[in-house]
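Residue numbering begins at 1 within each chain, and the chains themselves are lettered A, B and C in the order written.
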Amino acid sequence: MDKVMKNKTAIFLFMFPAALLFTTIIIIPIVMSGYYSLLKWNGFTDVDFIGLGNYIELFTSKSAGFPRTIGNVMLFTAMSVFIQLPIALALALILSRKIRGEKFFVAVFFFPVLMSTVVIGQLWMKIYNPDYGIINSALRFLGLESLTRVWLGDQNTALMAVFIPMLWQYIGYHMLLMYAGVKSIPVEMKEASYIDGATELQITRYITIPLLKPVIRVCVIFAVTGSLKAFDLIYVLTKGGPAHASEVPSTLMVSMIFLRNRYGFGSSIAIFIIFICFFFAILIKKIFKTEVD
Amino acid sequence: MGRETLGDKIIFGFLCIWAAVQIFPLYWMLTFSLKSNSEIFGDNIIGIPREWLWSNYEAAMTVGNMAKYFLNSFIVTGCTVILTAIIGIMATYGLTRMVWRGRKAANNLIMLGLTIPVHAAILPVFIVLTNLKMTNSYQALIVPYTAFALSMAILIGNSFIEGLPKELEEAACIDGCSVYGIFGRIVLPLMRPALSTIVIFTFLNAWNELMFAVIFISDSAHRTLPVGIQTLSGSYTTDWGPIGAALVLATFPVLILYCFMSGKIQESLIRGAIKG
Amino acid sequence: MKSAVKRALAVLTVLAVAFSLAACGGDSSKGTTLVLWSIATESDAFHPAYTKAIADFEAAHEGIKIKHETFENESYKTKIKSAVSANELPDIFFTWGGGFSQAFVDSGKVLAIDKYYTDEFKAQLSTAALGNATYNGKIYGSVYSTPVSVMFYNKKMFDKYNLKVPVTFDELTNVCQTFISNKIQPFGISVKDTWVLAMSHDALTLKSAGPEKVKSVLTKQGGSYNDPDFIESAKKIKELESMGAYLKGATGLTNDEASAQFYNGTVPMYITGTWMAGSIQTDTETPEDFDVAPIPVINSNNAKITDFMGGASDTLMVAASTKNPDVAGNAAFELTRSISKYAYLDGAGIAAWKVDYDDSAVNPLTKKSAEYAKGATSFTLWFDTLMAAEDAGEYLALLQELYTGNVTPEEFAKHMADQLGK
């Protein structure tokens, strides 16, 4: 077996297409961004090599407000791991129990992921609208006028107001992954335990979830890297405002690169995002590995 | 599982409520696509349209070359999905089952693909594509889409292949099967749920992708649907109805593909059981 | 295994088709084809004007074709910047004059077109109108419309409360007060789409500090932003905000959402560009209820009612990399001349070129706006276009902070002075 698996030609054939694409489209651009991040550059002319100047500004400049964006995005990441994923897991486990209408629910629960960000954004703007929005209307109906807010325009609520739609939208995404994971666990393993008299909860706890670990690991990696890079819906809902209240590193990066022509500074944010995503991805892999072994 | 307990009923009830929440955006998009701006912005936000403006669909279809954009999106997305699935599963196999030096590092490196913020990649990838003389073509999108989808595909593939018992492959090996035979006859069929998932996610990303499509394609002959839909908005004012209509038309293929592929995931269990 | 082979074949076929289709893209027909990029998408008010202008040009120059590619406004800004960086510009491209295109010109990727600005064109379009497309003494583009910032208002609502159009800021606050006492929110505005807030603040600043001071401070030719006249306009914005003159929830609303409240008669006033005149015709049920007025004066020592924010900023430029500089250079002028005419006749924009044709069919709001522009004693480009990109970005961010009360008007002016002094 080992000999077959060490077949050099086969390894080359299996790996070459991926390696080629990956190097040209992923690695080279990362290296280029790394180089840009050492420049004071507007994207067109005036290239000025300034070493780590951008990174120093990143962490010391008060007006750029970068440290705050890290705090925001970390909060969001934690919420997606500890709120979004457990919900997704619960749904996946329930659905894979051959529940009535399984097919229907699997289809429907994924719908929000299929929708364009434009639609989701417009919908939530309606929900949050201070005047006729669903939330404020409901509060008024319940006689809680004092609790009504300009949800997306209030500095105290804007951050949560953009997080909630994002958490909600991607529950289906992780649910599907986990659902497919449960489905690929051989039935025999569960049936054997059934015969041994195990309850369904026990089977879930001691058979299904441990076998699901590789899939859960991938979900955590996707959730963390996805959250750290989150951009689209934030941009549609608040553009990072009001007054930077819902700013995250990627919205700041885009405003630096394309709005303010600070390509070098923007690239240093990009490199920071790449670094922190990669760091967490490796960390998650390590954590799950020790537990599996 | 013949008898439904009270717990089951509660769970079922809960699932129904959640389903209603999840269907709502779809309903909202459908009604939105049939309204005028004044209904969308205030007069009638969630209700059934008071005036059913089918003309929005007409506007969406006749403005620009939507049929062509649709075809372009289909070609780009189709090629991306097929390439990603094949290259991704091949690499998965190479990275998990084959034995070679540097494999571990490669496994870690693969995750770099998940880390790049799209907007930071625009200019570097654009420059790479320009040097390869690839802008203004389908490849200008297929290649970056595939590259960006690969990490996801490989990670999903890895997580599924880890759960597969190696014994089957070893048995095949003893039977004299080549490495390609093992891959094609044993591993691929067992990876069906993973493949379906990869196809769904890749399709979704490529079908909706906007930034690369705007920057790398300047020629409307190769323009994709999201870019086409975006041009339905004017610079100062936007008529949202036709945009809603175009989005409905754009969402349906994904919806259909998804329902089909998620069905495949369900079937895979039954097939696996028979085979096992 | 068989199925795998079949599948691989299928893939190869698809790819082959894709690549051959791609190869068909190259046009090898005879004659010259110029590629033009713009944001006049098919649903944009300027689209018909562009289309007619191109048809005119092609009819006048046999053998020359213009391929018009349109993009959505917001993503076009990203696209054009990337295209300049990667040297992938088309022959002629739409851009904004002033600070926005400064870096493009500096990078040497834009062609100076002075020599195509013939006497014929000079008679119809003054050199002054090309001011925002002129860099280091050379002309780099041609313009077609001169939108200005004005105050649109709902005549019917004004009449109901016996209000007169305000000419001074005090009159304006009185008008606002009357509406507020009648439970009507006076101004529609969007802070989320910060350019809308900027339109109001730019205009009030102009009416407080006057055109000369504004221009010299913002383009760093002398003077400081930390000046009583600049602080004054920031205070006025804040004053209007705290008295409740602005639409509730403006911090969370887009321009589309806010202007919908103006079109349907919820709020009586909206400060924006003259392009709204066209939208009022299509988006409101009773366009005749609406009217337009110049923005009131804060300090009559510095500014007149006839000083306007705005001017010709929408510009067509020619890429230095074009293979047909003579054709493209001339086309930039001919096209803008025709666009100017057709857009005005459509009510989409105010003509930058001389009106030597019958314009009696133009809608009254656009016509009235055009008259304001004609009688303007000065044009000052919008701050976010006038300033260099980096300063403009900071300006918009600071405006939000000012509006939400995170910084005081004094701090706002100081931050701006620091930013401009960098």
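One rule holds for everything that comes next: a residue touches a chain if its C-beta (ideal position, glycine included) is under 8 Å from a C-beta of that chain, and two chains touch if they have at least 3 such contacts.
Values in this document were obtained by computation on a predicted structure and should not be read as measured data.
Enquirer: Farthest chain from chain A, going by the mean of C-alpha atoms per chain?
Expert: If we average the C-alpha coordinates per chain, C ends up farthest from chain A.
Enquirer: Looking only at C-beta pair counts, which chain-chain interface has the most contacts?
Expert: Highest contact count among chain pairs: A-B.
Enquirer: How many angstrom lie between the CA centroids of chain B and chain C, rounded to a whole number?
Expert: For chain B versus chain C, the centre distance works out to 37 Å.
Enquirer: Measure off the straight-line distance from the CA centroid of chain A to the CA centroid of chain B, and report it in whole Å.
Expert: About 16 Å separates the centre of chain A from that of chain B.
Enquirer: Counting only residues that touch at least two other chains, what does the list for chain C look like?
Expert: Expected reply: 78, 85, 257.
Enquirer: Where in chain A do residues touch two or more other chains at once?
Expert: Residues 43, 129, 131, 258 of chain A each touch two or more of the other chains.
Enquirer: Among the residues of chain B, which ones contact at least 2 other chains?
Expert: Each of 42, 119, 123, 127, 240 in chain B touches at least two other chains.
Enquirer: Contact residues on chain B for chain C in the complex?
Expert: 37-38, 41-43, 59, 63-64, 75, 78-79, 82-83, 86, 119, 122-123, 126-127, 130, 135-139, 142, 181, 184-185, 188, 210-211, 214-215, 218-222, 227, 230-240, 242
Enquirer: In the complex, go through chain C and note every residue touching chain A.
Expert: Residues in contact with chain A: 77-78, 81, 84-85, 103-104, 106-109, 191-192, 194, 248-254, 257, 388-390, 392-394, 396-397, 400-401, 403-404, 406, 415.
Enquirer: In the complex of these two chains, what residues of chain A are touching chain C?
Expert: Touching chain C: residues 42-46, 63, 125, 128-131, 150-155, 158, 238-239, 241-244, 255-256, 258-262 of chain A.
Enquirer: Please output the residues of chain C touching chain B within their complex, sorted ascending.
Expert: Contacts found on chain C: 1, 4, 7-8, 10-11, 14-15, 17-19, 21-22, 25, 35, 37, 39-46, 69-73, 75, 78-79, 82-83, 85-88, 90, 255-257, 259-261, 263-264, 266, 273, 275-276, 279, 283.
Enquirer: Would you pull the chain B residues touching chain A in the complex into a rising list?
Expert: Residue list for chain B touching chain A: 1, 4, 8, 11-12, 15, 18-19, 22-23, 25-26, 28-29, 32, 42, 45-46, 87-88, 90-91, 93-95, 97-100, 106, 108, 110-121, 123-125, 127-128, 132, 143-144, 146-148, 150-152, 154-156, 158-160, 162-163, 169-170, 173-174, 178-180, 182-183, 193-194, 196-197, 200-201, 204, 208, 226, 229, 240, 243-244, 247, 250-251, 254-255, 258-259, 262-263, 265-266, 268-269, 272-273, 276.
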